[in-house]
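The structure under discussion is supplied below as structure tokens; questions concerning it will follow.
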Amino acid sequence: MKGIVYSNDLISPSIYNMGIQLGDTAESIQAGQFVHVRCGQSYDPLLRRPISVCQIDAENGIIYITYQVKGKGTRWLAEQVRGSKLDILCPLGNSFEAVMPADINEIWLVGGGIGVFPLQLLAQQYKDKADIVSILGFRSDEFKPLWQPFEQYSKRVIIATEDGSYGYKGLVTDELTLALRAHKPQIIAGCGPSKMLKSLACIAEQYDVPCVVSLEERMGCGIGACLVCNCKIKSDGEWHYRRVCADGPVFWSHEVSFDE
Amino acid sequence: MKGIVYSNDLISPSIYNMGIQLGDTAESIQAGQFVHVRCGQSYDPLLRRPISVCQIDAENGIIYITYQVKGKGTRWLAEQVRGSKLDILCPLGNSFEAVMPADINEIWLVGGGIGVFPLQLLAQQYKDKADIVSILGFRSDEFKPLWQPFEQYSKRVIIATEDGSYGYKGLVTDELTLALRAHKPQIIAGCGPSKMLKSLACIAEQYDVPCVVSLEERMGCGIGACLVCNCKIKSDGEWHYRRVCADGPVFWSHEVSFDE
Amino acid sequence: MNEISMCVDICGVKLKNPVIAASGTFAFGREYSRYLDLNRLGGISVKGLTLYPREGNPPPRIAETAAGILNSVGLQNPGVDAFISNELPYLKQFDTVVIANLAGNSRDEYCVAANKLDKADIDMLELNISCPNVKEGGLSFGATPESVYDITKQVRNYCHHPLVVKLSPNVGSIKDVASAAQDAGADALSLINTLLGMAIDPHTRRPILGNITGGLSGPAIKPVALYMVWQAAQTVDIPVIGMGGIMNGNDAIEFMLAGAVAVQVGTANLVEPMATVRIIDDIEQYMLDNGLKTIKDITGGLIC
Amino acid sequence: MNEISMCVDICGVKLKNPVIAASGTFAFGREYSRYLDLNRLGGISVKGLTLYPREGNPPPRIAETAAGILNSVGLQNPGVDAFISNELPYLKQFDTVVIANLAGNSRDEYCVAANKLDKADIDMLELNISCPNVKEGGLSFGATPESVYDITKQVRNYCHHPLVVKLSPNVGSIKDVASAAQDAGADALSLINTLLGMAIDPHTRRPILGNITGGLSGPAIKPVALYMVWQAAQTVDIPVIGMGGIMNGNDAIEFMLAGAVAVQVGTANLVEPMATVRIIDDIEQYMLDNGLKTIKDITGGLIC
């Protein structure tokens, strides 16, 4: 599918927000789903890059992604300007909605760093159905533009920064634990570095709160065919490799084996 | 060396003219010399691309190249805009001046297709020293913007087009033969497809006019070290492989072995 | 009036065109059916099958390299039985040639599985003796002419379908292993499987792949693959199916000029799900542009 | 206060840093002296030398492939005598290690040339038994453990300089050829030379290279090279010099983590004449960033 770049702005050091015109497809996308973007026509980089959709402007058929420039692919993305054409596969992945029960009216969003983007769309899409509390952790207040979008959708936003430059000093999981002592939400949705997700899964189990997480893994096809993106998922006491791109990226946290 | 794109204009179907700011280096470049341009930072394309310098604006430190879009490298070049940075090695090659005798006051320039560009700079640099006649061949009059620059530097411009849409219908070498019957110039300088250069060499020998040609060969380093750009050069009855990038690209036509 | 025929015949099996989806990159076709009409393909070589289901290797299983990818999937697959009961009926709905790609850990395993597939409604068996991603067996069967001869001969006994032997590039002489496979009764050859490779993260000082090493595929390996296909085609009399880095029609044509009767497309599917169909169209256009009537006008047409 | 030492010692020869310009891409250094200070290099491996001058193969001699190049230079060189009289004195002006890369068509040719070089003021001899671009000899000496053992043993007799054997990747088992070279008396190994490959122009139906086939180098082959260096370093006790697609400091570090004591940089020089110096600076920066004091803290440091 072709997408047309609508905007591409540096919002924080090395982090860009890009609007992409996708027409009618835009409104069909669910939080947790991602786009798989070809970065140029060269064979270097060769593979597409998976990026979560973080915001949708359904009326204008525009989706937004926020991405950090890390290597060749994202560097290419950052060079695109309004009007540039993108080769996109979308929407891919299962979405939070596909995993969570239907009757959700209270969600806590727990995210870390550049893992907050799928949660941003979840907040946008559930803001009228559910009470949302966003508990987000960042390295420092440089990342303010990443949590600001959560403010309009959330009943409450709790920010933790590692250097204490904003909000609470410490880890997002510490803030989560504190909050859970006071109240247990209907469900937690998490996304972030795998170390964070591992503690999140622990804490959720400890407090007995259902918890879904969105995983990241290096991908090939992104559509479920090449089996390179697999992660260990337990069910009925056994584990199997499941495809993050097609069976996920969203799984119940207690089913994920974070061991490797 | 870094160059900065000053202009990049489509002047004829799939042919672009690019101005590159090079500062003081610009005026040191001699006709026949070329720039070796890295096309992007990706490893695909990997090698630099050799392109002749066709015009110099010494006052403003700008060189001009004219190139046809053929593959990955030139496609990348065509995408660059004013202000884009180029990674360039320059000037490379020996130049016409290095091969021709010092006392030239009459040159005929014989060029075909996209091989006319080194001759354009030769015309510019010799216009005050020598009488210049330009005998140029093209597929059709679509290529008019390629011969127009010769008009201001030449006493006479003879154009042949294969389809007869402009000037004489036929090959440039036919026009050359006709002209030679009337007058033999001091020297001929040629550049173009190797088939054309081969006939040119024959004709020059037949009419006993000294003739220098600028060759093209696929290149690696461009600076004389990797020995991939070699062509057969005869001297004293023996041939040796010589480097087009460093020993050439300009050679005496009777020394070149066009057989392969 | 289109008088072009893209049909090819590989040991009696008719393919409507010479483009086959390569094993391991196309699963069992289901995922791609959303992006293209499977009826358009010359054939599909399914994900490598083993006698028993396999979970495969620990993640990460992919590393991008310059113009290539390393994969270390390690033959994750549901096993031959599940393939026959769950996947094959799905594939048989389509008018395309179904090639079962078979791998194993031991001679016995290969033979038992081949025997099961022999009774199944597949069109061809592709003997994968070149998978670099499994500890025991796999690659070692494909490493020397002797071992290639031996395993081919064994499996031949159980296989009445046309038998394609898929060669490994990780050998000293591709001519010798190609001859060995032919001598042992292969009906056709396919090559190349992936080149052994690895990638390291200089910051963590660890291999990028969970399995440390993996198999290199994609445009990076095309020159090596083309050379090997050219060598093999000059050596054997049986048909050769070429692959390795084919991304577009020109790439496919290069392999056919070097002697391949058909090609497989692997990594390109991961980059662009429609790659196979685009390549078919490209080849047709090439034939039109060059006034060619059949694929035979291309195969082996290298001038040198 | 910079306490970093980038020195490496390869069988008694001290290199000021582990970056060596690879044979065939750096000629005899002259052309690069305009772009960089040759004194900065750990070493220079000169263009492959033969007993007699050679003109090399017909053009075209280079084809660009995805993230790689094929070359078929075919050992164009002025011969050992001309090297010793014209090029070596030039190189000896610089404070860098000079490695003579030696190729040949026959055992005798190798031995006579080695004997000449033995008396010359070179620092090391690199035995090139892996050039894919010459008809007779070249590659065939490097193809099997037996032939590697034999030629190494022969040349060893005539060579009192440290002897580096440069291995070909076009083999069945790199471990076996690495062992063979060590057993025959090699002081060090260097690898990899180029992979055999080819490229075809679909429009003319002809090979792009005048020699039909060529040797593949550049980023495309890095994963294969890294794997082979890792394998070789695990197999032998002598130092291993790694190369194949090194374009930047991180690439060099990958090879050293895999077990290389030093690296060679080839194709990168063609893309960027200053590549070697940039890589030296990158490695130094990596050491600073990671608090490493010597190259020994990198070599073999892969965690897996």
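Order of writing sets the chain letters: A, B, C and D. Residues in each chain are counted from 1.
By our rule, a residue touches a chain if its C-beta (ideal position, glycine included) is under 8 Å from a C-beta of that chain, and two chains touch if they have at least 3 such contacts.
The structure displayed is predicted, hence computed values, not measured ones.
Steps from chain C to chain D, taking the shortest chain of touch contacts, total 1. Placing every chain at the mean of its C-alpha atoms, the farthest one from chain C is found to be B.
The centroid of the Cα atoms in chain B and the matching centroid in chain D are 36 Å apart. For the pair chain A and chain B, the distance between C-alpha centroids works out to 55 Å. Computed centre separation for the pair chain A/chain D is 46 angstrom, with centres defined by C-alpha atoms. Within chain D, the positions touching two or more other chains are listed as 63, 66-68, 218-220.
Residues of chain B in contact with two or more other chains: 43-45.
Shown here, the protein chains touch in all possible pairs. The touching residues of chain C, when paired with chain A in their complex, are 24-27, 31-32, 34-35, 47, 55-56, 58-64, 66-69, 71, 73, 76, 210, 218-220, 247, 267, 269-273. For chain A in complex with chain D, the touching residues are 43-44.
Touching chain C in their complex are the following residues of chain A: 38, 43-48, 87, 89, 217-221, 223-231, 240-241, 246, 260. The touching residues of chain D, when paired with chain C in their complex, are 63, 65-68, 70, 143-144, 170-173, 195-200, 202, 204-207, 212-214, 216, 218-224, 226-227, 230, 245, 250, 253-254, 257-258, 286, 301-304. Residue ranges on chain B touching chain A, taken from their complex, read 40, 42-45, 72.
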